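For reference, the structure discussed in these notes is given below.
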Amino acid sequence: MQAIINRAKELLADGTVARVLGWKAGDLPYNPEPAYFETEEELKDFVYNGFCGANLSKYMIEASKLEGKTMVCLKPCDTYSFNQLLKEHRVDRDKAYIVGVGCKGKLDIERIKKQGIKGIESIEGAEISDEAETLKIQTIYGEKTLPYADAMLERCHVCKGKEHMVFDEQIGESKETKDAERFDEVAKIEAMSPEEKFAFFQSELSKCIRCNACRNACPACSCRKCVFDSNKFDSSQKANADSFEEKMFHIIRAFHVAGRCTDCGECSRVCPQGIPLHLFNRKFIKDIDELYGEYQAGEDTDSKAPLTNYTFEDAEPSIVGKRG
Amino acid sequence: MQRIGVFVCHCGSNIAATVDVSKVAETALMEPGVVHAEDYQYMCSEAGQAKIAAAIQEKGLTGIVVCSCSPRMHEATFRKAAERAGLNPYMVEIANIREHCSWIHKDMEEATKKAVILMRAAVAKVNLNTPLQAGESRVTKRALVIGGGIAGIQTALDIADAGYEVDIVEKTPSIGGRMSQLDKTFPTLDCSACILTPKMVEASAHEKINIYTYSEVEKVSGFVGDFTVDIRKKARCVDMDKCTGCGVCQEKCPSKKALSEFNRGLNTRSAIYTPFAQAIPNVPVIDREACIKFKTGKCGICSKVCQAGAIDYEQKDEIITEKYGAIVVATGFDTINLDKYDEYAYSQSKDVITSLELERVMNAAGPTHGHLERLSDGKAPKEIIFIQCVGSRCSDDRGKPYCSKICCMYTAKHAMLIRDKYPDVNVTVFYIDVRTPGKNFDEFYRRAVEQYGVNYIKGQVGKVIPQPDGKLLVQGSDLLDNRQILKEADMVVLATAIEPNPDVRKIATMLTASIDTNNFLTEAHAKLRPVESPTAGIFLSGVCQGPKDIPETVAQAGAAAVKAIGLLAKDKLLTNPCTAQSDVLLCNGCSTCENVCPYGAISYEDKEVNDHGIRETRRVAVVNNALCQGCGACTVACPSGAMDLQGFSNRQIIAEVDAICR
Amino acid sequence: MSSQKKQAELIKEISGVNPLKCMKCGKCSATCPSYNEMDIKPHQFVSYVINEDIESLVNSKSLWKCLSCFACVERCPRDVKPGKLIDAARQVVVRQKDQNYLLADEIPELIDPDLPQQLLVSAFRRYRR
Amino acid sequence: MPLENKEFKPKIVAFCCNWCSYAGADLAGSSRLTYPADVKIIRVPCSCRVNPMFILRAFEKGADGVIMCGCHPGDCHYSTGNYYARRRMTLLFSMLDYIGVENGRTRVEWVSAAEGVKFSDTMNSFVEKIYSLGENVRLGDLRCKQ
């Protein structure tokens, strides 16, 4: 963390960048939030630890419009999103000074709490530089320990890799955290009977309160105006609980980002209701990989996206239901 | 709020017999925005159109719905009627209650209910219609004719005579096509070359006609009035400007084993060759696969004997890019492959030949120099049997389901010519039906029977069995005498089905012209627009559209030319205003739409926008309305819904969906 | 439905043939090796079925003269296949009589070494229970 | 037709591209080839104009089946439209299947302007399928609280 702060100070001082985009400490030990830092003074609040899950690439859309360059801290997985935004001309590469920061897996406070750890006062072992494999958590009920991996976000268990896809410089080492297969969860649902599938999604989607957190956090959901807020589809009747968007919101959202979603997992991370929203996006990714060849959005900035591409021999829609 | 008028057509009894039209009109009055509804016998008639005009003016209608036949039939009619009455033509919607309702449903109640729903959907849509203005695009005053047979030549001549530049692209080394392979033509028996050659010469000498032989269309882009075409001029290895057409190279060429395409493979030609004596241009090409120089690097005799120094082994294919306003397809036909017809012994015996091969056999420039002889042993045949409908009218996968149309007549011609020249030869024709609708056609056929004594037997041949002595035993049936016939013949001629040139599929794809299951190009309307493709600016000439004989081909070629001229004569074309439009305030500038546009109609500009007080420069999509054809691919690709299609907007389609599901 | 009509329908059902597709080209008759033995010719079979004259058909000599060589089936350009109609007519007869069925066990003793195998197979196909 | 519930009259929306399938439907009409009146056709310029949102919208508004017809791949009037549509619909249908909606409720068929018979056969078999599936409850009701 200190290395990042030091570098940020240098870059601010020599005028390379006009501001730094990173995270600052929140009011609790586990809720740092994205923040801009424009002076050395402000940087004293800068933090970077296991709870800095937020993907900052989406902030670069706005930062690209500001005067001067912005130093942005991107974790390996965030760089996919940045690349995808670059491909869609939403961010300006020249306005970004990308510091690829190391990552040893990000922590999921909800998961920690679910394991009965409440009243948290401080957490040790969440620092990136910390080699410890366990978290030491001071609570008002005393000290608790938890293996780091048991506190990780789902997305880190299926990590895409330690490499930054795009960067100006790299600070810090990343750790291999992948210990599960990315599509296992999707495959499990695919194997269910239609009744089970429906029951599963109905129960999950019934939790949705339409707070739009998923949409706001998603780097692919970067439209200036969401179709659900415009009158282009007659789909913007928010007040009506029985309206079109209420039922179809998540399917449509997943379709809109299909082929563009990098599987960064922000939607699931930010959902206050804990809906596993990534299961929608990942289903599309799995289908795309299986039907049209492996494709990872954000891996590059010039390949054709699967939905703006075709081959003469593409599978017919009737393949659905014929597969296993 | 729109003021909508609904007009329900009876179409005589076509609609009214199954749909309660007055009920549809009554129900319409209850729909939002509808201020006028009426039904009438024939809405498309002048009186019907007058009713629409009157209602528009009297009731101040801002939109109309006509419940009638398919919009593909009369949308244009009603749009024009509305326009004459002062209403924007794009404020007209059609509810198709004939093809999609009255004609397919029998129960009146059910059909009426459906008609009401279709009307509702159209009303819901027209409520959201906005007046649209057609744009303009320019017309390149030059036509492309693909195929240099009689159809292509005639079309090119007619267009050129009207004063427009025409390019003919012909795949083979010479223009002339199938007609150049024919000996005589029915029903007047003129020599084919005698009537074709002058036309070929005229085309090549015409100052407005430019001929690319040994060339193929490689790529087509653009749209009506403004096509851009890449033509691949294959390397001839002979300099067209230097060659004098003396023919010495062909004489001296040591490689003479290549099968002559022109003579249907019945004899051979040299590796450097012109397909036939009257070829235009009279410049040979080198068949690289047969040429010893290309195969071994040694030889070069043609180059040595060419006094003009025209041989150029280094010549490369050349791509010519040219712009055209109209394209005429005249790709013609070939005979089908007979491999699957074992019973006729075509591949087993040299003496079983197709009618096109017989043309070459009877032709003085053919493999037998015009002598009628068996190809196996050169003997003069005494007994010839013709078999009709080989592969035509066949519903299995061996042949074609259609009638090839020309076989009855050319068989009568062949039979007659043989009997005329060789009166001692017996000629028998096995037929299923003799079809001779055409001027002087039946008289011609009857002459073959009555004057020339050709033996016509009603019944198909079941099998041709080559005998050890070289004869062919033909087993057929005589359905009128009800007996089976076993007859020995010296020669059997198969009236082989014709099919569109196999290349046409590739060409149709490039042109985005539709094609039917038999690979014939589809016409815009089977009866009323027979020489136009549904794709604007593409016209059809000759057999590529359907089987036809020479007189018909020439007539259609002229018709296609007239249609093309009609297009070229315009300085500007009104473009379809149902194009995509991007909302600058919603556009992300993400380039997704650009990636799916087949016409390259979308580009990006940095535009100053004022988004609710925020002024900034944004990268936004801009649609070129002249290029956009209105497919709508971009509208679905667009994640933010900024891209919408005029005339088929998201809200309009959703309104239709809602109305139907209501 | 008259019994003749019923039988005609039955023949169409068993054979899977639509006789209306026939264009009367006569290729079946042209190709038939038993043509001269037949009183009703193969191409006429089709019109007999269309005209629902099944009685004449089942009483004809032809019914039992067809060798089931299927040359007509193979060569019919219209997918009408008179051989199948004949076959079906024979089945109608067999069903009416409710006899003359053949069981697999009975075959060995019926085998005559001079008999073409094809005939045996087609006989079994026709008369098996 | 197997009518499990005689009262059930399905609502079926058919999106047809203007150049092939709509013309195919016209041909079915002029050839008097019947299919059930439950099918209502919406004309779109091309199958690529069909936004998955339209299909979801139809279901949400009570449709029991949605079928999309376009030109055969390779024959698109706009050359490539149906290729994009094919991918979009494949993914959409797969998603609907994934969330437990019977996949027989959606279909894509390629029908040319010459295939009136295919159009009517397709509609007959699709309607039959919808009758066998019965009323569409799931899609209209995906997010109703339990």
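Odds and ends about this structure:
Labels for the chains are A, B, C and D, by order of writing; each one numbers its residues from 1.
Here, contacts are C-beta pairs under 8 Å (C-beta built on N, C-alpha and C of every residue); 3 or more make two chains touch, one makes a residue touch a chain.
All values reported here derive from a predicted model rather than from experimental measurement.
Chain pairs A-B and B-D differ in how many C-beta pairs they share in contact, with the greater number at B-D.
Chain C and chain D, compared by their mean Cα positions, are separated by 44 Å. For this pair, chain A with chain C, the centres built from the Cα atoms lie 73 Å apart. Chain A and chain B have CA centres that are 54 Å apart. The mean-CA centres of chain B and chain D are about 30 angstrom from one another, to the nearest whole unit.
Residues of chain D found to touch two or more other chains are 52-53, 57, 74, 80, 84, 88. Multi-chain contact residues of chain A (touching two or more other chains) are listed as 227, 233, 307-309.
Shown for chain B are the residues that touch two or more other chains, namely 596, 637, 650, 654. Inter-chain contacts, as defined above, occur between A-B, A-D, B-C, B-D. Contacts from chain A toward chain B in the complex involve residues 65, 87-90, 222-227, 230-234, 256-257, 260, 304-305, 307-309. Listed in rising order, the residues of chain B touching chain A in the complex are 583, 585-592, 595-596, 604, 611, 616, 619, 637, 639-642, 644, 650-651, 654-655.
Note for the complex: chain D touches chain B at residues 11, 13, 18-20, 22-23, 25-26, 28-30, 32-35, 37, 40-46, 48-54, 57-58, 61-63, 71, 74-81, 84, 88, 112-115, 120.
On the chain A side of its complex with chain D, the touching residues are 186, 189-190, 192, 194-203, 205-206, 208, 227, 233, 235, 244, 246-248, 251-252, 254-255, 258, 280, 283-284, 287-288, 291-292, 306-312, 314-321.
Contacts from chain B toward chain C in the complex involve residues 343, 389, 393-396, 398-399, 432-433, 458-463, 475-477, 479, 482, 484-485.
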